[in-house]
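Encoded as structure tokens, here's the structure I'll be asking about.
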Amino acid sequence: MWIFLSLHYMEFTASQISGFIDGEILGNPDATITGVSPIESGQKGFLSFIAQDRFSEYLQSSDCSVLIVSKKLITEESYKSTIIVVEDAYLSFQVLMNLYEKLQSKKTGIEQPSFSHETSDLGENIYLGAFSYISENCKIGDDSQIYPQAYIGKNVKIGKNCIINSGVKIYDYCIIGDNCIIHANSVIGSDGFGFQPTKDGYQKIPQLGNVIIEDDVEIGSNCTIDRGTLGSTIIGKGTKIDNLIQIAHNVKLGQNNVIAAQAGIAGSTTLGDWNMIGGQVGIVGHINIGNKVMVQAQSGIIRDVADKEILYGSPAISAGDFRRNYVHFRNLTQIVKRLSAIEKNNKNNTDV
Amino acid sequence: MWIFLSLHYMEFTASQISGFIDGEILGNPDATITGVSPIESGQKGFLSFIAQDRFSEYLQSSDCSVLIVSKKLITEESYKSTIIVVEDAYLSFQVLMNLYEKLQSKKTGIEQPSFSHETSDLGENIYLGAFSYISENCKIGDDSQIYPQAYIGKNVKIGKNCIINSGVKIYDYCIIGDNCIIHANSVIGSDGFGFQPTKDGYQKIPQLGNVIIEDDVEIGSNCTIDRGTLGSTIIGKGTKIDNLIQIAHNVKLGQNNVIAAQAGIAGSTTLGDWNMIGGQVGIVGHINIGNKVMVQAQSGIIRDVADKEILYGSPAISAGDFRRNYVHFRNLTQIVKRLSAIEKNNKNNTDV
Amino acid sequence: MWIFLSLHYMEFTASQISGFIDGEILGNPDATITGVSPIESGQKGFLSFIAQDRFSEYLQSSDCSVLIVSKKLITEESYKSTIIVVEDAYLSFQVLMNLYEKLQSKKTGIEQPSFSHETSDLGENIYLGAFSYISENCKIGDDSQIYPQAYIGKNVKIGKNCIINSGVKIYDYCIIGDNCIIHANSVIGSDGFGFQPTKDGYQKIPQLGNVIIEDDVEIGSNCTIDRGTLGSTIIGKGTKIDNLIQIAHNVKLGQNNVIAAQAGIAGSTTLGDWNMIGGQVGIVGHINIGNKVMVQAQSGIIRDVADKEILYGSPAISAGDFRRNYVHFRNLTQIVKRLSAIEKNNKNNTDV
């Protein structure tokens, strides 16, 4: 069974929790919890929340010691659990979880053995895990954490308050902004896929650019973001990238894009801001995608896309058109039968 | 040319091998082999096997010193190679390969430098490779092997007899059962992809759950299995996962599922038991898939799926329907010509 | 802004550069550059090139100190920048970039702590990064570089002049040729996905083969190439593989294939030479693909393919046919309306 992180090393009362989120208590304010659970699997000693009608049955039946509940769902004067009444239980729960995360002690200090070149400039209050490697002329900003077995190439700059997880590899000359998170085993700045065909084989085109990741970017696990051939591959401020995603050389992503797992973007394509790209989507190289575009999962984009288009299919067309046409695709056997019936009928008429 | 693993440091006679698999020898029982090869590239000193009619020509021509052959394929009293006759050569060969693997000396002991926090509990007879990292409060079961450069977060529990290959990263609080194998550079328990849109950008939703991997699970290389937001992402007993696969937060997989390379399952989706998911398949979030379902490669599943359905296409429909309709898709140009011919004909008739 | 690699620690004059590429100078031969930039973002102190008509406007406007320009584009006697005139500015620029890369000092020597088993044979002039791991009986060729946190299993052979980037994992008995580059966190030789179903679950089929990578191969980041079950998975000479690619057990790739990101090839399939496989393509197991085949991105190949076929779609058909049929798919709603109109019309005629 799932147990909420290290909360079992802490203990909170309903009244303490209520204080964090400006709630009102129904029931025993001294009820204590040592963990948090999904509402479906609540137990004594645990906290959960109810924000939606469809979960309100749990108001009566949950074994949780404390529940945070949206005001509109309250119909009784008291319940089995201690209730903390708030305007929006979902938001209040988020606030609580964020608080909790900030309470977690953050790792700092330099573990040994680690490798840090003497020419590199390490900020205040950083964490450098064992077996991590910092090459020459790097700059690591204050409060950043470099986990064990991460590799930082030469002349890399990492901003403040970043988390570079275990096994992340950052090639030479890449630049990471402030407040970025890169998850385990992602690779930033490996060579773009550029080769010149000759009759004897493919000759490598040197990949001499870098990757620039702006502030507030989060990148999932096992992603690959290639360096520019010349110039930079750019991931704009606030963009969030899921796992196993490929960003090719010289791609430029604007701000606040969201890209789901296993999508891939080919070389030199640009995206504006606030786009949402579904899982396993493929986008060809050398095209321009506007702003606030939505692309359904598994679609393939092979042309420029205007602002706010919603696309689906491979190759992708307007999502509405795709869905309508796909209904007919599912009936093609029937459609062809209808066509054959007409032909037969016409033939009979002619024969007559 | 390929040489069979470290067999070249061992030597077996036909009679020894026959003893392992209850075979009957035709030819010289003292013929020795030092390696194993595919039947197509057999050489003196090597062992191979013939289990199917279509390979029986090699019975005459193979240069292998020893061949394991299914009884039904034997037509002569002797052959160029020494023959070990068994009921089912394929199964006997598997038995032999399994025996061989067990003969391989298993690594044990703690290599230095490695990092193991003093609060962690290491079982008997384990292997801890150089540059591996075990955080605080971990428990590693007896006979488990942690290869070089693996990273184990805090409060992680790993069962008995597991193999955690080089570069695997397991985040805090994840739980791995007994007899599990995780291949190189897979990431277990990185943050789920959860963000709340605000007008200024996306705000991270803390990912506070974990991953639970039950007994007898094998996970390929470079996979990513995200931790639950609350609660657990669960990989059920006996499930086998190929390479480069994405399992999102709060997915629950039942027992004995088989998932081929580069497939992805989005958040909170559940699968029952004994499902077979093809390569590059995508499954959307928040749906339920039953048992014994088969999904063809590259399909996209966007709805609940009942037991034993066989699906194909993106979005996926019944595989039979998809194949029938796709035949018509391939003829669409022809179909549209037929339609136009009718229209023209009708128009002519009307004009007349 | 992007800055050209460590060029800012070097300085070149127009006349020096012109000497490397047999150019002719218009303007000041002593103009100096300390970096290289894309033509669109040129600045004082930087070098760029103009090889195509569509960029010739920059001849007048660029702030670059030095420009390499194709002869055919020169119309004036002098320009704002110093010009180096050559036959083909693109080729000359490539020559320069290759020269530049060779000028870069190559890492050599053995950093500590690293682990290298005493039975392994390390060539001359190699680099072994900190926290790298070389198992027993390996052979590393002269001038090869093994970056930090790479793992080399036992009995692995790596040729001359290879670059094994940080975090690469190579399992036991694999063989790498000369002049190969493997990018960060790729996994070579993990177990193929082979299991035998039994009523109690799947039983692992031992994966006892290896991977052979021939000379001049480049493999991107986070790829997975599985070992053969028996025999070898083979990547032929000169083949180039992008990022996040899956090559299953016993696949055999010929020479000079190019495979784009996130493609996957299932077990025992063979490819000839000079094929071009698009991104996110899936190829099923146990088929044969000829030579000079082109497969469009996201296609799925499920049958043998003859030389020089061009394929598209999932499942893939001739690319021309796919495109033509897809146009009709996009019009299916219209097509069905036409069909219904005919039916209605025929019915009316009959009713009459």
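Every chain is named by a letter (A, B and C) in the order it is written, and numbering of its residues begins at 1.
In this section, a residue touches a chain if its C-beta (ideal position, glycine included) is under 8 Å from a C-beta of that chain, and two chains touch if they have at least 3 such contacts.
Since this is a predicted model, take the numbers as computed values, not measurements.
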Query raised in the report: Is the contact between copies subunit A and subunit C built from the same residues on both sides or from different ones, judged by whether over half of the numbers are shared?
Result: different
Report summary line: Cα superposition of subunit A onto its copy subunit B, rotation angle rounded to the nearest 5 degrees, comes out at 120
**Report entry** Intercentroid distance (Cα basis), subunit C paired with subunit A, Å
**Finding:** 26
Query raised in the report: Can you list the residues of subunit A that touch 2 or more other chains?
Result: 113, 131, 149, 167, 185, 222, 244, 262, 280, 314, 329, 335, 339, 342, 346
Query - List of subunit A residues in touch with subunit C within their complex - result: 113, 115, 131, 133, 149, 151, 154-155, 167, 169, 171-173, 185, 187, 190-191, 193, 195-196, 201-202, 204-206, 208-210, 212, 222-224, 226, 228, 230-232, 244, 246, 248, 262, 264, 266, 280, 282, 284, 300, 314-315, 317, 321, 324-325, 328-329, 335, 338-339, 342, 345-346
Query - Interface residues, subunit A side, partner subunit B - complex - result: 2, 4-6, 36-38, 41, 94, 97-98, 100-101, 111, 113, 129-131, 147-149, 165-167, 181, 183-185, 216, 218, 220-222, 237-238, 240, 242-244, 255-256, 258, 260-262, 279-280, 297-298, 314, 326, 329-333, 335-336, 339, 342-343, 346
